[in-house]
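Right, one structure below, let's go through it.
As written, the chain order gives the labels A, B, C, D and E, with residue 1 at the start of each chain.
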Amino acid sequence: MNLILVLIGGLMLTAAAVAMSLRNIIHSALLLIGSWLGVSFFYLWAGAEFVAFAQVLVYVGAVSMVVLFAVLLTRRDRQDVVVAPETRTRAISALLVGGSVAGLLVSAVLGTPLATGPAETPTLTVKDLGTLLAGPQAAGLLIAGVILTVALLGAVVLAATDSGKEDAS
Amino acid sequence: MTATLERLPLLVRDWITGFFPEPVRWLVSGLLAIVAILAVFGLYFAYLTLAERKFLGRFQNRPGPNRTGPFGLLQPFADAVKALTKEDIVPQAADKLLHFLAPCLVVAFGLISFAVIPFGRYLIPVDLDAAVLYFFAAGVSSELALFMAGWASHNKYSMISAMRALAQLISYELPLLLAVVPVIMLSGTLSTSKIVVAQGGWTFGIIPHWNVLTPWGFAGFFIFMIAAVAETNRSPFDLPEAESELIAGHLTEYSGFKYALFFMAEYFGMSALCGLGVTLFLGGWQAPIDILQVVPSYVWFMVKLSCVIFCLMWVRATLLRLRIDQLTRLAWKFLVPLGLINLGNAAFWHLSADWSGPLQIVRWAISAAVIVIPFVLIGRTLSSGLAPRTYRYAT
Amino acid sequence: MLGSGIIKGLAVTAKNFVGSFHDPERLPTVEYPEKRLTLPEAYRSFPFLVFDGENAIDGLRCVACKMCENECPPQCIYIIPERDEKGRPVKKPKVFDIDLSVCMGCQICVEVCPFDSIKMDQVFEVAATNRFEGLIAHREMLAKSNTYYHQIRPTEAAEVDTRLAEEKRLAEEKAKAAAAAKAAAAAKAAAAPKPVATTAPASATAPAAAPASPAKPAVAAPSPSPSSSSSAAAPMAAAPKPPATTP
Amino acid sequence: MQSIEQIRDLIVARFPGAEVTVIQNPGPAAQHSLLLGHAQARDIALFLRDEPSLKLDFCSNATGVDWPEKEIVETTKVKVAQPDGTEKLVEQKTKRLQPGYLEAVYHLYSMALKHGPVVIRLRTGNRTDAVSLPSLTPVWRSCEFQEREIFDLFGIVFEGHPDLRRILMWDEFKDHPMRKDYVEPDDYEWEPTPHDAVLTKAKGHYPAPGSTANAEGGM
Amino acid sequence: MQNEPTSSAPGLAGTPANSSFDILHSPLGSPQQGASVREVNDPFHGDLLEVSMGPHHPSTHGVFRMVATLDGEIIVKLKPVFGYLHRNHEKLGENTTYLASMPYTDRLDYLAGMTNNWAYALAVEKLSGQVATERAEYVRVIVGEMMRIVNHCCLVGFLFNDLGTSFTPLLYAFREREKFLDLFEELTGTRMMYNYQRFGGCRVDPTPEWLAKAKALIDGFPRFLDEYEQFLTGNEIMLARTQGVGRLSPELAINAGITGPVLRATGVGYDIRKVDGYGVYPRFDFRVPIGDHGDTYDRYMMRILEMRESVKILQQAFRDLPAGPIIDPKAKNRGLRPKAGEAYGRIEGPKGEIGFYLISDGSTNPYRYRVRPPSFINLTVLEDMCLGHSVADAVVILGSIDIVLGEVDR
């Protein structure tokens, strides 16, 4: 059974790695979307259909569009492609941050008891999920909603004021 | 007799899987389901193109294609041969990989969404618990493929139209979902087969319990169909490949069979969306009248699907095209508010389910009023300055 | 109410859809090769030369007067008159070419032809394999019999024939009158030696030269009175010729 | 609608020094015209447009006309003393070379008072170098395209025209096709239309491709 | 959405005074009149996109090119380019006789051949002093008004095609147009290239059967118009796409020499049939519809109302058609040598004022043969109407002006 797990894990990792190394941004964005699909396959393998389809709907549908639009609309100026001279100092700080994050993750993974085989997850129907979300988890749901709307409104205001400011000059 | 007819597809499947050893049997039945869908809907797509051209012709007082074969019946195969033999030109500047991948993905995602639509009482390829969510997950990713087509051809026109297509699809994703949520709320499940079962039963034997016959259901179906037309880039909303402005939109750089693939994907997407519409609102494979249950259920599904698609063709033959800003304004300022109000309306309908006797009429009246009044008000504000004018004559 | 205009529009297209199955008015298509529209009599496509009697070339009415060649707007007619052995032009075209790729079928040539020798045909399926040689219609291709003319335009052909017959009758009367006058003059010459005979033949030949001078009344005008019978005195060109309006 | 003479008097009254002459139109249509000098042409046009009694606010038609040099032969009867002393009337032909010029004719109508046409003409110095005229586009915008067409086909340069470019011919085209002395370029595509004049001209360019039956028959 | 644009009366500098409108704040879809071209390449707006629509473009009614400079979807500059169909019709006119030019006039505005013939015949009659017979004048009004109905049918069909319907309104309009063309074929011999008018009358006298058929067709025509109006005039999408689009102010229209339905849509009631009263028009009572806003919807309604007025004129003309010769027996057509002089004759064609300016020097060929083409001059204001609109609107505005390239390029 864990053959499929390895397969899905491998798919996701290779997609992410290749995405990082490509020069063509659109190709790397699409590979990133491929790795998100890998995550949804993982959920399917784990038997959580609802989360898998939600993952596809949210990430592959909406977030990928945002990423692609962002890639399209930013204008590539010439100067920031050239590698600036003080890269050495950047390299050190990059290593430092990378190392600490890796350490944190590894300790978290090792800390949790990992059940080897697929545990018999309770067959949750969508109705139970709904009652769970509306009942005990309602607070978390509402907070997430509020944060998202704030982010949305902030983006709109930022875009609008930007044009206003440009007008004044 | 009707029972055997009803179970006929199952009998055939069991007979075929009988030839194979036990462990491989589930694989064979899965493959058989895929082959069945491809065969039925492949042929349905072929004759849909012919039906569209003939009906469009009849709307325009002309006979439509009748030269290839009797009454033009071989026209789809002639089109297929033509598409196959046409040279497949890939522009030199294009992004070869994406240019090739885009049509395949568009058709693939179009086909995947057939997996959850219940064609008959026993005919459902995959009975998923979160079927409707699966359907929209497949639908959304076809937008991604459309963007890849527009971007890969590296051509100014197809880039503009790819952006337009995305704006249109995203802005109509919301009304589509808002129209579907009341159905899920009322039938309490995301699984399409259970939704169709929930619409079973007839009052006095002749009025079926379809969702469309309730005020919130009718409004939901109205919003769903407008959003479905926009989602499949058909007539009043066929902006991406509006020939009067941007030649053929994101399809400009495609030719030969790749162009036919896009064409096929559009029809598959339309059939799938209309199939979902029939399942959610028109009672899927339920027979309209009790005594008519003698006819097998999958026939009813096909009849209803064909009627809905005929209405799409009827709309295509009549209506003008909207401009991109009017299109998005219609989505955000008209369909989304109506969808939200309809959600509230469905909630009221659900809560007032146990009203009895005369209260039923009050329940109907309130529910209808809750949806009609905002429709008229928003309609009037949107089309404030627009009205046919009266003209004077020179002295 | 938003949408009422759209619903009315849908109603109209539905009416047309249903109508197209039973109401011929809603399905005017004529499927060309199998069923054909009956061409109205006045229909015109390209010109053709009319000949009387059996022999196509000798029976041609055309006298190679080149009037149509000069008047043709796109200059697509080309005539070379026949010459007998002594080099004098004979009243027959040796070469009569019309370049069908240039001709626009405007029937100006029919209008200006004083001898009703060129009329408009009703054949429109003119296809050729070679743009140059194939579309130049020579005399043999253009010549068609008067009976064919009667087939395609019965009323008009009948008028032309009555008018030609009437002119021929007038010409013979004049010839008889001229002959009688000559006989009387000859008798007088026998009595008086005055050389009157020399002028008579001149006048006698004149009417023969213009057997069907342009005395053509406006076609279908209620009173087709030949405005000027072939008065010998008026030279043909200057005759106040009403425009021959045979379409 | 005043007659052309009254309009001329109005103009002369308004612009004392203006050169305005009436050109008679001998034809039965009797649409006489006013010849304006270059100097006040635009002011007179503005006056015609804004004068309350005229209000010619609609310039319907702007046309270019080409008048090349013409040799006018006048036969005058003059008495010539014969050697034997008697007077004898003799027709004497005097050849006079009338200098050529290019002309722009404008037909003006009034949409407000619903009358017209008043025809005004502007003439250039000659046909070679002094070919410029004051443009009337600033007064009537309808002349914008028509003056560009006159420039394209006749070669009259309109000063003050907002965008004087060729409108019908392609920009690199050198000559002005509507002039009387225009010779069409010689890139003649061979087409054996039956007329001998056409054939000879075609033969000049290309040897007839192969022997066509028609060519012999035609000769 | 209906904010009144500042009327751009032409300043002395010749180009229309650009109103104070600034492109930045024009919410997409509420079109303004006249836009200022602002400087380019600022970070937020990106650079202007120059798109050349045509000459081979599905919706430019023939070989006509619009070089449009776009900022996103809004048009900032639009230069029409034509001349692709130029065959120097006027030089041809100078090298052929007066009668031989008549068939060429059919090719000017090939959707309205009869009115071109009539304008040319009128101009030559003015030049040579000939007068048409009574019956001919009535027949000219009959075929002229039938031609106007055919032309407006074509226009309305093409306009809806530009608006994006899949050919349905066009085919309904063409179904009616076919009936008129069949009648013209019975009368003159061809469907579009009539060569029918002569100096002093018409070439063929319509037979009583033809007149009966024409009368039946005209009586049935209003029913088609009612069905068409029910189909489209109230359609909300049509209202949204055309009302307020391509607005034209009356002052600019008069000054730019715009004539025909485009002018009357701006509110100026100038119809040459009423102003000049040529032919026998003063004997008919008909009205001239005028609009108030001068936008695409008004131009569309002008055509529909004009078709209804033409039906009224035709019914009166059929009623009082006198007997008598169809052509003046003394009229001179072949070898016509009018006295030296000039004449400008004009009529109210379906697209506007079509006129012929002829100068004759006594020979058989005219010395100068000039055509006053309404479509060519109506294009002057195409840029003024399109500024501030989107690409989709520019196509619709061009369609509502009703140009035919045979007449624009000559």
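Basically, a residue touches a chain if its C-beta (ideal position, glycine included) is under 8 Å from a C-beta of that chain, and two chains touch if they have at least 3 such contacts.
What you see is a predicted model; the values in this text were computed from it and never measured.
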Centroid comparison with subunit D (C-alpha atoms), farthest chain: A
Contact-richer chain pair [C-E vs B-C]: C-E
Whole-Å separation of chain centres (CA-atom averages), subunit A against subunit C: 87
Inter-centroid spacing, subunit E versus subunit A (mean Cα positions, whole Å): 61
Averaged-CA centre spacing for the pair subunit E and subunit B, given as whole angstrom: 43
Chain centre separation in whole Å, for subunit E relative to subunit D (CA means): 27
Multi-chain contact sites of subunit E, meaning residues that touch two or more partners: 168, 172, 175, 231, 233-239
Subunit D residues counted as touching two or more neighbouring chains: none
Residues of subunit B whose C-beta touches two or more other chains: 59-62, 317-319, 383
Of subunit C, residues touching subunit E in the complex: 2-6, 8-9, 11-13, 15-16, 28, 40-44, 71-73, 104-108, 111-112, 120, 218-222, 227, 240-243, 245, 247
Partner subunit E, residues of subunit D touching it in the complex: 25-29, 31, 57-61, 63, 65-66, 105, 107, 111, 114, 117, 119, 137-138, 140-146, 149, 153, 160-162, 166-170, 177-178, 182
Subunit B - residues contacting subunit C, complex: 55, 58-63, 66, 314-315, 317-319, 375-376, 379-380, 382-383
Partner subunit C, residues of subunit E touching it in the complex: 96-97, 99-104, 168, 172, 175, 178, 182, 185-190, 193, 195, 198, 203-205, 227, 230-239, 323, 325-327, 329-334
Subunit E residues within the subunit D interface of the complex: 10, 12-15, 82-83, 86, 88, 90-91, 126-129, 252, 254-259, 268, 270, 275, 338-344, 346, 353, 355, 357, 359-360, 368, 370, 372, 376-377, 379-380, 409-410
